[in-house]
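Here subunit A shows up in two complexes: once beside subunit B, once beside subunit C.
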Partner chain A sequence: MSAIVPTLLAELATLPLVSYIDTLGQFLRPSTLVGVFVRGLSKSAIYVMIASGLTLVFGLMGVLNFAHGSLTMIGAYLGGLVMVLAVTGASGTVSRFAFFLVAVLVVFGALSALGGVIEVGLIRPLYDRPPIYQILLTFGVTLVLDELVRIVTLFYGLQPISEWQAALGTKPEPLTATIRLGSTTVSGLALFEILFGVVTVAAVWAFLTRTRYGLVVRAGSEDSEMTEALGIDVRRVFTTVFALGTGIAGIAGALLMWDPVWGASVPLAAETLLPAFVVVIVGGLGTFRGTVVAALIVGMIDAVTTWWFVNAVEFTGLPEMFIFLILVVTLIVRPQGLFGVAEVGGH
Partner chain B sequence: MAISDPDRGPDGSSIESRGDGGEPVEGAGTATDAEKDLPESPEAVDLAPERAWWRRYAEEHVAHLVVIVLLGLYPLIHSALVASPVGAEAVMLLPDVETMTAVLYFGLFAMSFDFISGYTGYLSFGHAVFYGTGAYFVIVAANGKLPLVPHTTPFLLLLVLGGLLATVLALVIGVVSFRLSGVYFAMVTLGVSQVVYVLVRDWGFLASNPRDGPFVVGPEGATAPIFSVGVPFVDPLNLDIGVLTGDSVVLGPLSLGSTEVSFYMVGLVVLVCYFALQRLVHSPFGRVLIAIRENEERARAIGYDTFRYKLAAFAVSGFFAAVAGGLFAGFRRSASPDNAFFFLVTGDALLAAIIGGFGTLAGPLFGRLLDETVREFLSKEGAGGGLLPYLRDTLPESVLTTDIAGLTVQGAIETFLNGHASLYIGLVFVAFVLFVPGGLLGSVRERLGGPIAKQVAARIRGED
Partner chain C sequence: MSLLEIDDIHTYYGESHILEGVSLEVEDGEVVALIGRNGVGKTTTLRSVLQLTAPRSGSITYRGEELVGKRTHEVADLGVGWIPEERRVFSQLSVTENIRVAVPKGGDVDAALELAFDTFPALAERSEANAGALSGGQQQMLAIARGLVGENDLLLIDEPSEGLAPQIVSDVAEAVQNAAREATVLLVEQNLPLAMDLADRFYLLDNGQVVEDGEATSGVTDDERIRRYLSA
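What follows is the complex of A and B.
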């Protein structure tokens, strides 16, 4: 390491620090800040969608689902498939939104079913093993699912590593437009993503706090043995929550298929899995409130660092690096996460 | 416990009852006599103190010797089979020598991963950071970019230096992450390795095109160094490695090409590393690691400072992972962020470790062998032989183009098999996690009642 340090310092000295101060002034302009804020919100919405399924499953069952990203990716392809089949060039804005609603329902149903099968068939036998076995198993499931999707996409002549352009093209017209906000512009898609994220969070929140089943889920997360002792079939709750979590992962994928930054592709699995882990862990594994707050933090930092890398710093990996740095710093300073319970840290 | 390692404690009853059943390998009559003297095979060493240490040592390494000889003869067997009438089948089924070299160095990486994850139970999901560090260190040093390390530094010294760098890195990461356990430990190591991955992927100092990674080109105005394995600074005792840059050797009737020489030289380093790790695993230090895996609180309660043990194990593991990475870079003469630092590289080690046997040290090598064999068999281009080129050569055109439900035979293979080895490896992996948690070697051990080398030694003594 000592050998690299002088070179690093030499590189640092050549950086145009003076121009950074200029850029800071530019960054602090209200119009820039508003633009970055809205973009941060849309990123947060995406992060909360890809992470909330993961956090529900971990909170209740203690299973860190490595296959979560793959399920999001399958959701993206499935949603894209529905859209590509349904939408024709003549479809108007309203019908495209209606088709999207259908796509979301289809994706939710299909992915929930898949999740249920995975839980009953593969994860259930592992509950009495050390927790790393669930990581191992779901990691294996990821390999299988990714490769299956690759086979299918190649068979139909799609390029699995680049975004599915046909699905991107099914966006309704308002989402491709840019909207003026004061002196900056944001894309319609960003606003749609924020709306979608808020609706999802509200729905999960309502499910957890306003329904009887949500009560059972919260009770199970708190103390699954006690819940079982009170006569509740916790195993069935496990299956339901796992199915629900994968369903939400799928919906997130359906939304991402429209976003040109993500798009439906096989690498989407890893691209969503890693930030989802960060969000879930920063928030505190298993707390939904923590996940929402962490998604906001990560989304904002992502937007800010993206702005800096576009405008000043010539380092493409800047946002990604900061996201993982948040993870590392959180685990060092507060291992249980922002809203986690201290003893959970010893899982 | 899910991870079975019968030699961790005297589980005499089960071993004895199994022994009474009579192993089919041994004659029943001679076995009973021997077993009266040696009721518990793992304890056999203590019961035979009169034996000279070197003899005990030799007996306990018979199994190792068999594996080493088999691996050593592999290039010769492979070339003999390829030249024989079943040559086409041999090319199709057997991994070629270049792949076997990859099995060796990646096997070492998987072993180092197993050393920390399999023995202490702490899943180091960011282990690729050490592998990548070793690989990048060798290449960047050979390109003359590191001050104090001239580009002519002997390869073995580079391996050690890279290993030490990784050790320091492991200590830094370990101090932070061993405050956590289970899922959290896996996540913090993963997080750190991804930070390094992104840094490496976009840092122009390391390579002219950091996304593609560095190549060994040598410093400006100088020729690229050729890596060799042997006694440093004594030229006649060194052999160069690399597919294009390696030495060829003619030994009487045997002539070894550069790939074969590389195979042996990489194998030599891996062998030394394996014995070092094996020594550690069977030392009191290694016992403490297993104690940590089985019950950390109890290990702490009887007075072991488990934090220090874990940290030391992590440092050792990081060192050997970097050596493996250095071998990889030395053999391939290039590395990229995606095949050295990405978290899926750790995933490959995990795959090898689980299939081969988690917590069995040697197992990951066999796991990797299976993995690479299947991958080569189903490789897309049929590089190094494989299913499709074989069928193309042997089957008549009419069979290949036969239509089965809208797909030709060739089309079906291209669609479902070639380049999709991950699918089948993934299925095998899931099956192992669910049904064979001990892995290949772990299951054999369970059947024999202890590590194979010790069981073989016990058999040899029994036959005296």
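What follows is the complex of A and C.
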């Protein structure tokens, strides 16, 4: 014991405190802050896209869809496939963006249809069972989908490389470049992700607040039995929302195929599912507003901790741990999340 | 043919046999009260009509059309509205949105809002407030307004005075009377004087069966046999 204390003190004395203070000064420079802020926003945009569908489905149907990440992964591959087939060496920036919009529409349509089939064929028969049945079912679906994609990608030689380089290579030139913002530079892809996230949030928000169907979804999320008693076919709304949720998951995947940090790959399923769960739980299960705010918080904390663990501590695995730390703290301090109600009922 | 005919229905919650052969009729334009102690099956009767808790046997017809086997939204589409106990307004939606969501698809939303706010001016003053922020009495009015704008011919109203302060109960009674001018009403109410005041006829339930029925008069409240059923 007596030998340990001096050793600890000696180690503390050797901690590079001066170096940390220098790093803090570097972090507080406006150029660094702007860069971290933009990276935080781009991460938030990705998080909100992968979590939106999950929270809509849970809010209305009380179904925690473990297959959500797999649907995002399929969206990445399908979007990539459309781009690889459409883009040639001669394709310019405008046509690549146009092809991307086509890819987004194809992915949204195909994934919505797949979601509709999953809801009607697999989940609907289990609504009267305890939630664990739906969790086990969607977990099974994710295993099946992941293996199917693994088989197909192995057959076509797209794996084992972690990212599908051909899909990455279809990016328009502005998204591979860096753009100067004042005294700092940010990646074009980050700005595109932010733009895409904002458009997605605005579209979902407009759907929920400006359309009759959105009003029905919000009413059904609060009390599906009462909504049905008002003459609304809640089962049909369930199918529509599940299809919409999987469609949004697919669009998120289509965007991620261009991001070298994510890419079109089978592990993308698990890599997107976990942060999506963190975001919806921190925001409050089933609240879209909570999901947006939580995505901003988690994205920003992720960007800040990533910067610190790259520039000061040099331990790149730790930022991911911080995301889950946010989850743990939320579950202890406010289990219902930032905007959730203490008890989710009405199902 | 009665507007609503319930014939020998047996309804269960799991293995618990709640309704043991309930039969009753509601004529067009009537207010019929369903009275009885807590837990005798009044709410279950309304839930059976709506097919929220479908009977395992027996028949329920509305304008001669069989309801058993239909889905709840199909029953509602026929013109059967539900004003449940504890109001169950959508607390996160505004007053206006609560009314809008109750208007049938393709219905006139502006006319529905006008009807609701003319009937309940107190709601008009708080039209943009979240329903969860309303007082208990206002929530009850909103629940009734939601039933009114649903273009329903039959309203199933469950315990409208439950949990409300005595001074609010008279407002709610007036609201039920307003609703009764627009639709036929099957009313579940534990407050016997209020039920007799609002209803034309009554059915008394005990242990999942109809044990008494008759004209709703003030004399019923003094009937020893009925009081015994209600206090047992």
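Going forward, the second predicted complex is superposed on the first by the 327 of 347 C-alpha atoms of A that agree within 3 Å, B and C clash if a C-alpha of one lies under 4 Å from a C-alpha of the other, contacts with A are read in each partner's own complex, and residues count from 1 in each chain.
To be clear about the criterion, a contact is a pair of C-beta atoms (placed from the backbone, for glycine too) under 8 Å apart; a residue touches a chain by one contact, two chains touch by 3 or more.
What you are looking at is a predicted structure, and each value in this text was computed from that prediction instead of being measured.
K.L.:
Determine, under the contact definition given at the top, whether A:A203 touches first (subunit B), second (subunit C), both, or neither.
P.N.:
A:A203 contacts neither subunit B nor subunit C.
K.L.:
By residue count, which of the two partners contacts subunit A more extensively, subunit B or subunit C?
P.N.:
Comparing subunit B with subunit C, the partner touching more subunit A residues is B.
K.L.:
Quick one: is A:D146 in contact with subunit B, with subunit C, with both, or with neither? Answer first, second, both or neither.
P.N.:
first
K.L.:
Would you sort A:I21 into first (subunit B), second (subunit C), both or neither based on which partner it touches?
P.N.:
Touch status of A:I21: no partner.
K.L.:
Where does A:L126 make contact in the superposed view: on subunit B (first), on subunit C (second), on both, or on neither?
P.N.:
A:L126 contacts subunit B only, not subunit C.
K.L.:
Using the superposition on chain A described above, determine whether A:L195 touches subunit B (first), subunit C (second), both, or neither.
P.N.:
neither
K.L.:
In the superposed arrangement, does A:A229 touch subunit B (first), subunit C (second), both or neither?
P.N.:
Only subunit C; A:A229 stays clear of subunit B.
K.L.:
Taking the two structures together, which residues of subunit A meet both subunit B and subunit C?
P.N.:
In subunit A, no position sits in both the subunit B and subunit C interfaces.
K.L.:
Where on subunit A does subunit B make contact in their complex?
P.N.:
Those in contact with subunit B are residues 1, 3-4, 6-7, 11, 62, 64, 122, 125-126, 129-133, 135-137, 139-144, 146-148, 150-151, 154-155, 270, 274, 277-278, 281, 285, 315-317, 320-321, 324-325, 327-328, 331-332, 335, 345-347.
K.L.:
Give the list of subunit A residues in touch with subunit C in this complex.
P.N.:
212, 215-216, 218-219, 222-223, 225-234
K.L.:
In the complex formed with subunit A, which residues of subunit B make contact?
P.N.:
By the definition above, subunit B touches subunit A via 2, 121, 123, 125, 145-149, 165, 168-169, 176-177, 179-184, 186-188, 190-192, 194-195, 198-199, 201-202, 205, 343-344, 347, 350-351, 354, 415-416, 420, 422-423, 425-427, 429-430, 433-434, 437.
K.L.:
Where on subunit C does subunit A make contact in their complex?
P.N.:
Residue positions touching the partner: 50, 52, 71-73, 76-77, 82, 84, 88, 90-93, 97, 100-102, 104-105, 146, 150.
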